[in-house]
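Below is the structure I would like to discuss, written out as C-alpha cells.
In this document, chain identifiers A, B, C and D correspond to the written order of the chains, with residue numbering beginning at 1 in each.
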Amino acid sequence: MAVAELCLFPLGTESPSVGRYLEPVIEVIEKSGLKYMVCPMGTVVEGSVDEILELVKKCHEAILKAGAKRVVISLKIDDRIDKPLSIEGKLGV
Amino acid sequence: MAVAELCLFPLGTESPSVGRYLEPVIEVIEKSGLKYMVCPMGTVVEGSVDEILELVKKCHEAILKAGAKRVVISLKIDDRIDKPLSIEGKLGV
Amino acid sequence: MAVAELCLFPLGTESPSVGRYLEPVIEVIEKSGLKYMVCPMGTVVEGSVDEILELVKKCHEAILKAGAKRVVISLKIDDRIDKPLSIEGKLGV
Amino acid sequence: MAVAELCLFPLGTESPSVGRYLEPVIEVIEKSGLKYMVCPMGTVVEGSVDEILELVKKCHEAILKAGAKRVVISLKIDDRIDKPLSIEGKLGV
C-alpha cells in the first residue's frame, strides 16, 4: 500500500474561495472506497499506486465538471516495498 | 495568517526508514510555538509567511545536524489577504 | 494537452547520489513518445492527463525495478480547457 | 549551494491566465542576482538555503502587490553537504 496526498487548485475562479470546486472532488474520493483523511493542505489516501492514479484521474474530471477552466493538481506519493505503509503508520512518524 | 505544509526527505540514508532524521525536525516545530498538526505526508503549520520561512530554515539545520547528507524540502504555503486562514478553517472545506 | 512535472526520489539508497535510479526513469519517459524536457528539479512532460498518469505508473515501476526500496513521487499537473497548454507556451510566461 | 524550484499560483483571479501576476515575480528573481532558470512548471534558482528563503519572501510580497488576493506557493529545495550542487550539475541527471 502506498500513501499519497492530493491537492487540486482551480485557477481563474473569480473568488479566492474555491470550496465549491473541491466538494465534488471530496465526494469522488469518498466514493472510491479508499481509506482517506482530509488534511488542511490536501487529502491523504491509502491504496496501491494504480488505485491512487485512477483516483487522480477521477478527481480531475470532477473539478472540470464543477466548472473549473484551469486546474493545478499536486500529488505526492510515498511507496515502499520493504515494509507496509499506511496512513496510521505514517502518523506515528 | 498563512497555512503551510512542510515535508523533509533525507536522501542517501542507509535505511528507507527515516524517522530518526525527522524526530529533531518535529522538535524544532514544537519549540517554534506555532500552531501545527502532524499529517501523514507532512506537518502543517499556521503562521505568517515570515514565521513559516524562518521555521523552514531551522528544520533544514536540524535535519543536517541529525546526520542527513542530502535533503529534499517540500513546502506548500497557502496565503490569502481577503479573509483569515487557519488550520481549523481549512479542515472545514 | 496538459503539462506536468514529475520528480522521483528514492529513499534509503546508501549514497546521496541517486542518478542510477533515475536513468531508467528517463528512459521510460523517452520511450513514451510524449514531448518532454529534463529540468533541474524534475522532468516536464506534455500530454493528456491520462497519458501523464499512465507515464507516472511506468516510472514508478522502473524505479522499483532499478532497486529502490522506497520512493517519493512528486507530480504537478497544469491543465486548462479554455486554451491550449504546451511546454513551449509555458516557457513564454 | 542548494537548488530550488519555486512556483506561485494566484487563486481567485478572474481569468485562468495568470501571467500578469507572475511577471513581477520573475523581476524579483532577476533582481536577486541569484542564478536562475525559467522552467515550464516553475523557476529554478541556485543559492544558499537562506538566500532561497529570502527570495521566496520577496516573491510572495511581489505577487500580493500585483493584486493577488490568495496565493499558493510551492517550493522544493534540494540541498546536499557531501558534494556541490548546481543547476548545471542537476541537468546532467
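One rule holds for everything that comes next: a residue touches a chain if its C-beta (ideal position, glycine included) is under 8 Å from a C-beta of that chain, and two chains touch if they have at least 3 such contacts.
Predicted model only: the values in this text are computed from it and were never measured.
Trainee: Centre to centre, using CA atoms, which chain is the farthest one from chain B?
Mentor: Most remote chain from chain B, centroid-wise, comes out as C.
Trainee: Select, from C-D and B-C, the pair of chains that is joined by more C-beta pairs in contact.
Mentor: C-D
Trainee: Quick one: report the Å distance separating chain B from chain C, using the average Cα coordinate of each chain.
Mentor: About 25 Å, centre to centre.
Trainee: Which whole number of Å gives the spacing of the CA centres of chain C and chain D?
Mentor: Chain centroid spacing, chain C to chain D, equals 20 Å.
Trainee: Two or more other chains touching the same residue: where does that happen in chain C?
Mentor: 11-12, 16-17, 69-70, 72, 74, 76, 78, 80, 82 - these are the residues of chain C that touch more than one other chain.
Trainee: Which residues of chain D touch chain B once you look at their complex with the stated criterion?
Mentor: Touch residues, chain D against chain B: 11-12, 49-50, 53, 56-57, 60, 64, 69-82.
Trainee: Please output the residues of chain D touching chain A within their complex, sorted ascending.
Mentor: 9-18, 69-70, 72, 74
Trainee: Please output the residues of chain C touching chain D within their complex, sorted ascending.
Mentor: Touching chain D from chain C are residues 3-5, 7, 16-17, 19, 22-23, 26, 37-42, 44, 74, 76, 78, 80, 82-83, 87, 90-91, 93.
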